[in-house]
Amino acid sequence: MSESSGSSEPAPAVAASGATGPLLVVSAHAGDFVWRAGGALALTAAAGHRAKVVCLSFGERGESAAAWREGRSLAEIKALRRDEAERAAGELGAEIEFFDAGDYPLIETPELTDRLVRVHREVEPAVVLTHTLADPYNGDHPAAARMALQARILAQAVGYDAPGDPLGAPPVFLFEPHQPEQCDFKPDTLLDISPVFDRKRKAMECLRAQQHMWDYYTDLARRRGVQLKRNAGPNLGLHHSCMAEAYVRLYPQTTAVLA
Amino acid sequence: MSESSGSSEPAPAVAASGATGPLLVVSAHAGDFVWRAGGALALTAAAGHRAKVVCLSFGERGESAAAWREGRSLAEIKALRRDEAERAAGELGAEIEFFDAGDYPLIETPELTDRLVRVHREVEPAVVLTHTLADPYNGDHPAAARMALQARILAQAVGYDAPGDPLGAPPVFLFEPHQPEQCDFKPDTLLDISPVFDRKRKAMECLRAQQHMWDYYTDLARRRGVQLKRNAGPNLGLHHSCMAEAYVRLYPQTTAVLA
Amino acid sequence: MSESSGSSEPAPAVAASGATGPLLVVSAHAGDFVWRAGGALALTAAAGHRAKVVCLSFGERGESAAAWREGRSLAEIKALRRDEAERAAGELGAEIEFFDAGDYPLIETPELTDRLVRVHREVEPAVVLTHTLADPYNGDHPAAARMALQARILAQAVGYDAPGDPLGAPPVFLFEPHQPEQCDFKPDTLLDISPVFDRKRKAMECLRAQQHMWDYYTDLARRRGVQLKRNAGPNLGLHHSCMAEAYVRLYPQTTAVLA
Amino acid sequence: MSESSGSSEPAPAVAASGATGPLLVVSAHAGDFVWRAGGALALTAAAGHRAKVVCLSFGERGESAAAWREGRSLAEIKALRRDEAERAAGELGAEIEFFDAGDYPLIETPELTDRLVRVHREVEPAVVLTHTLADPYNGDHPAAARMALQARILAQAVGYDAPGDPLGAPPVFLFEPHQPEQCDFKPDTLLDISPVFDRKRKAMECLRAQQHMWDYYTDLARRRGVQLKRNAGPNLGLHHSCMAEAYVRLYPQTTAVLA
Amino acid sequence: MSESSGSSEPAPAVAASGATGPLLVVSAHAGDFVWRAGGALALTAAAGHRAKVVCLSFGERGESAAAWREGRSLAEIKALRRDEAERAAGELGAEIEFFDAGDYPLIETPELTDRLVRVHREVEPAVVLTHTLADPYNGDHPAAARMALQARILAQAVGYDAPGDPLGAPPVFLFEPHQPEQCDFKPDTLLDISPVFDRKRKAMECLRAQQHMWDYYTDLARRRGVQLKRNAGPNLGLHHSCMAEAYVRLYPQTTAVLA
Amino acid sequence: MSESSGSSEPAPAVAASGATGPLLVVSAHAGDFVWRAGGALALTAAAGHRAKVVCLSFGERGESAAAWREGRSLAEIKALRRDEAERAAGELGAEIEFFDAGDYPLIETPELTDRLVRVHREVEPAVVLTHTLADPYNGDHPAAARMALQARILAQAVGYDAPGDPLGAPPVFLFEPHQPEQCDFKPDTLLDISPVFDRKRKAMECLRAQQHMWDYYTDLARRRGVQLKRNAGPNLGLHHSCMAEAYVRLYPQTTAVLA
């Protein structure tokens, strides 16, 4: 999966993994979508589907300690974070949109939720990803999740006054927070991101201020990969060194086959 | 979907739904596998895979009130229940084996668990189904579940002294109890059993003493079908009048695609 | 229980069931009070007590898909929903008041909560009914519940600046949502509504746009009735074909007898 | 309510509280039924119903530290505990039966459960009381509860081979453990035992070795009484200085009225 | 521990108990800090550390029933409560600051949270205490807790625009509500307040309108003290008659020794 | 902390961390005590206290896959595992005792529990460590935990017939399972094992068949160390590169200081 392995090999693998349609990721800060959902985004893009990220803020106050300590201005920090996030999205093959709603605290408003409804109507996601509803270390994460979930519901109503058709019922998955047990994050879905892990790593490397995270989240992917193999049914053909992302499914899975 | 509707049409539908391999159902009493997992069994059989049921008891004491009131003997009741269950299994295309371990109470023993280990090793299930771990109305159900889950783990150990190869890690789903909320049963998987519901209905009709249950579980399938449609992603092509069974997944799902 | 059974017969039955005083139902949308609490309202009214419904919205955006698809205007839809709800309340013997606060989303405000305090002070309910605090399918329901519960607490304070005496401590019951398991709704109270089920059915039939719900909630009442009989103590004289509504009690029951 | 207050006054009060039939209390050790369910027993007896206690053990090893420190023999301690418990039961108006199954540990066996089935069939309780299912300080308590709950279920089966008719579905309440929060004991039922508290106090005073508990459980009754008043609906006529016992209901309440 | 026992004896005991630094208590109403955290405040002050209380409101509407019934004006009640609280803080050796944000309801705002951030930055607490996140009897308590927890997180961000240095990660403990089980309060920390209980009692006695609470919270301290002794490891030298306060720790404890 | 750092430096650090007395670890299989509690054992031993491990089995069937695949006999495997475990215990400074009770399944018996009672009475532990009560991947772990917890309670009773004095109330901590989220393991205690991590690493390296685990549990210690630093209060002097073990406390902490 290294750069030298060529682009021709992973493509069929990804096609085989079969993404089902557009993916929408709602993220409190720039950066979250890379660490927590970069694999899902890259898989979706590689399968030829639209992969869209909404960053509600740049994480300019709460997630940019180094820049503040260097004496940067607020405008500089926001520009820096935007630039990094755009390049990371590019590596993943994803679009990115910034709401610039401010962070620490990210304050829930009907206006932000309405903007998210419009995005849902426009993207018509097959799957939605967002934060956990509990996070005792970061109040912005649950605030983003509450708005994302509310927006998805509102977008389903034909009577909601926004452009586009009413949304269907795309499944929602909550992505992994930094301290999973403290956020009541009990993974029930392990996504094999092996075919695209090199792209996730490159996206991580775009976030230059958080270099210590690159290895942290590479290790996490490896551990989740070990769990995936331990939990996998015997019929699933898995890569030897599997990399994975963990998720929690919010609504019942609907399926034509138990597996 | 009835027999007269022709076999050519449902077959592709079932094939399309793609069962992944042998199915093992561990049931406390005869009857449970029909009401709670009949659709999964029929889907598996229709897809050409082995579908095996283990009944730990006949439900001769706890689930045969009418027969006792008619003055039947224990031996008669067990024979009656066995006969009904065998015919129901036949309708579903499933094998059935009776452990005759007694019910009310079904008492956990290392010997029963060992017999279940041997079944796991022999069947090599791709999926295992059993009861919920809580049921304040019926202590036999959790007892069966505890033995089934323990047996599956033991069967995985190369050092366990029983014939056959160590088992892989087949996913486990808990099937729906009679009073779901009281058993902490929060469905996270809704299985579309529309293509085989007529077979499940016929299997139910083999259980002649529990005629009031036929409509009860037909209605339940319809309601779970309504939920399936409400929760389904927009890309899933669903039958107009969908029938479903509800399950709870015990281990994380491993997947190559979020959907 | 049909119309021809005459009004003289149910009245004593209801009197025997002994409602204890005024009932207040706080509902997010028109319709909810019928499907979820119609039996409790009719029982209360039949026992000669005041039965009052507050609808925070008409459900004009989120629960009126058919009307929007027919091209109706917002004003038309609100008028239609109001008319239907008023006729349904009439069938149940209940008063109804609309706050017209808007739905999808219903937004919590101190002003709405204050209006609910004033209703509590004026009605002096013996029992309060409202939505569950979790509903992943509809954010308006928990929003209504939070305001109702907050208002009941505020109404108890002598220092709260609103007309009337401080409220006592009426018990609160949460009524059944559409997908109970997904809303963490574990019923701990099953109310026998057999004596008034015909009235509830007539009230349901006032909601003409949601005809498919009539049978759905009739079936639900029958199922909850089956559970009621299964859970009933041996000394409770129950109707043969029992109809019931399920509730969750929010505060401890205070009683002079265990039963 | 003391003996000198005359028997004419409390009788109506108790009659007004209306017990509904025989009460069965399954207790791990002698003593538990007094501290935790003495009020319910006395209320039942005062209302003219049978009140029966089964003590699975005397608490001879785990709850008799003082006697062991005094150098008593096992036989002496058992005789002492039996005598105290019999006199306490007498004060409450209750029958008592000892299974002498040993404590610390109380070991679950099919034979003990069968004996409990036979008691259920013979007593035909309208209500069953037992321990919580969790108690990190005392393994005998959950063991007793598991056997009591299993026995109640088995007694319901017509096919269970024991004298008497199949049991109905008496409600079960779990009584209050010594450290409620640590046992996940969240009371949902507060029973007014004011009319019989003096009898409970006298019964407590029969347990001479545990004198420090007399005031502890008097204080607890007073605190639960304060909670009862705080949670009581406005229409309930309550004694000024209310005494109460707390319980957790295991199965849904079935009722003809919300209150 | 009475006044006559002299000041020389308790001081070393307190020093031995070793408070670790400044303590910050965020309280919805005047009074809460005395009943629920008075011991922790007094211990901290006695050890020579700063003990600071923020009262978001005076509890003028929701917790001053007697004063309202006496016909006092809002201004009078606020002055009375302020005076009582200041004297109670004085007995404990604590500073107190009132935000006068209004109660019943206490409404969450970004401005109040910002003021709390500034307090955190200024006090640099080693420990933070506040209310539980659930309280079905009082919506102000969770509102205060949410703002306190949010403020502590915001104060940690170097990018948050407020004077002072970024906060470290002081542990947070939730103090005991009035009806612990109903607030999902399962104590995991029992604090020995024996050396300072006399100061807490004196502080309680400053709250003259709530005289019935003095004994209630003295009894509670005694009961929690009994639990402390029952749960204490064998090596902990404990006072004979131990008084304690119960807390729930919100973040993992970090330690160099298991004990 | 490497061997070359000399023994004079770590000793004071460990003394400063202050273990409080003997430590008892109850482990289902040989190996568990190394991966999950090796740091706590080494800290205790380094502080001059007794550190004792009971292995209920050798893990000969369930945790020795490689040896079985090499065709070793049962006796050989047990001898191998015993030897490895003894050497690992030696590295940690711990005693080890094997009950040889068999694994996969480890079957709970009164006799095993009685043996554990006798160990508790003999060791008089200041702290007890054992497995989690839930583990869907390994039934032996909860079985060991249930027996350990039961034994600790029995050992407290003066009336329990075993040599030695009644046990006090040593705190219990559950150590970290392999898949924490799936075992409902939410750490509430992070133990700094930096001063002894080199000893834990050497002990791990004694377990030669499980070489892939050495790095896995080194990484885990590093991650838990990062969490320790993130959760630590500002006054705690922490090593730069901190290593930690995670635990869940079973009973309330009793303390003279909040920190």
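Chains: A, B, C, D, E and F, in written order; residue numbering restarts at 1 for each.
Quick note on the criterion: a contact is a pair of C-beta atoms (placed from the backbone, for glycine too) under 8 Å apart; a residue touches a chain by one contact, two chains touch by 3 or more.
Here is each chain with its UniProt name: A, B, C, D, E, F = 4-oxalomesaconate hydratase.
Only a predicted model underlies this, so the values are computations on that prediction, with no experimental measurement involved.
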Chains touching both chain C and chain F, listed by label: A, B, D, E
Smallest number of contact steps required from chain A to reach chain D: 2
From chain C, the most remote chain by mean C-alpha position: F
Copy pair chain B, chain F: interface residue numbering same or different (half cut): different
Chain pair among A-C, B-C or B-F whose interface repeats that of D-E, sharing over half of the contact pairs by residue number: B-C
Centre distance in Å when chain A and chain F are each reduced to the mean of their C-alpha atoms: 37
Distance from the mean Cα position of chain E to that of chain B, given in whole angstrom: 54
Multi-chain contact residues (two or more partners), chain E: 137, 182, 187, 227, 230, 251-252
Chain pairs in mutual contact under the definition given at the outset: A-B, A-C, A-E, A-F, B-C, B-D, B-F, C-D, C-E, D-E, D-F, E-F
Contact set on chain A toward chain B in their complex: 16-21, 23, 40, 43, 124, 126-127, 129, 167-171, 173, 187-192, 227-228, 230-236, 244, 246-247, 249, 251-259
Residues of chain F touching chain A in the complex: 137, 179-182, 184-187, 219, 223, 227, 230
Chain F to chain D touching residues, read off their complex: 110, 113, 149-150, 153-154, 157-161, 166, 250-252
Chain F-facing residues of chain D, complex: 60-62, 64-65, 68-69, 74, 77, 104-105, 107, 136-139, 182
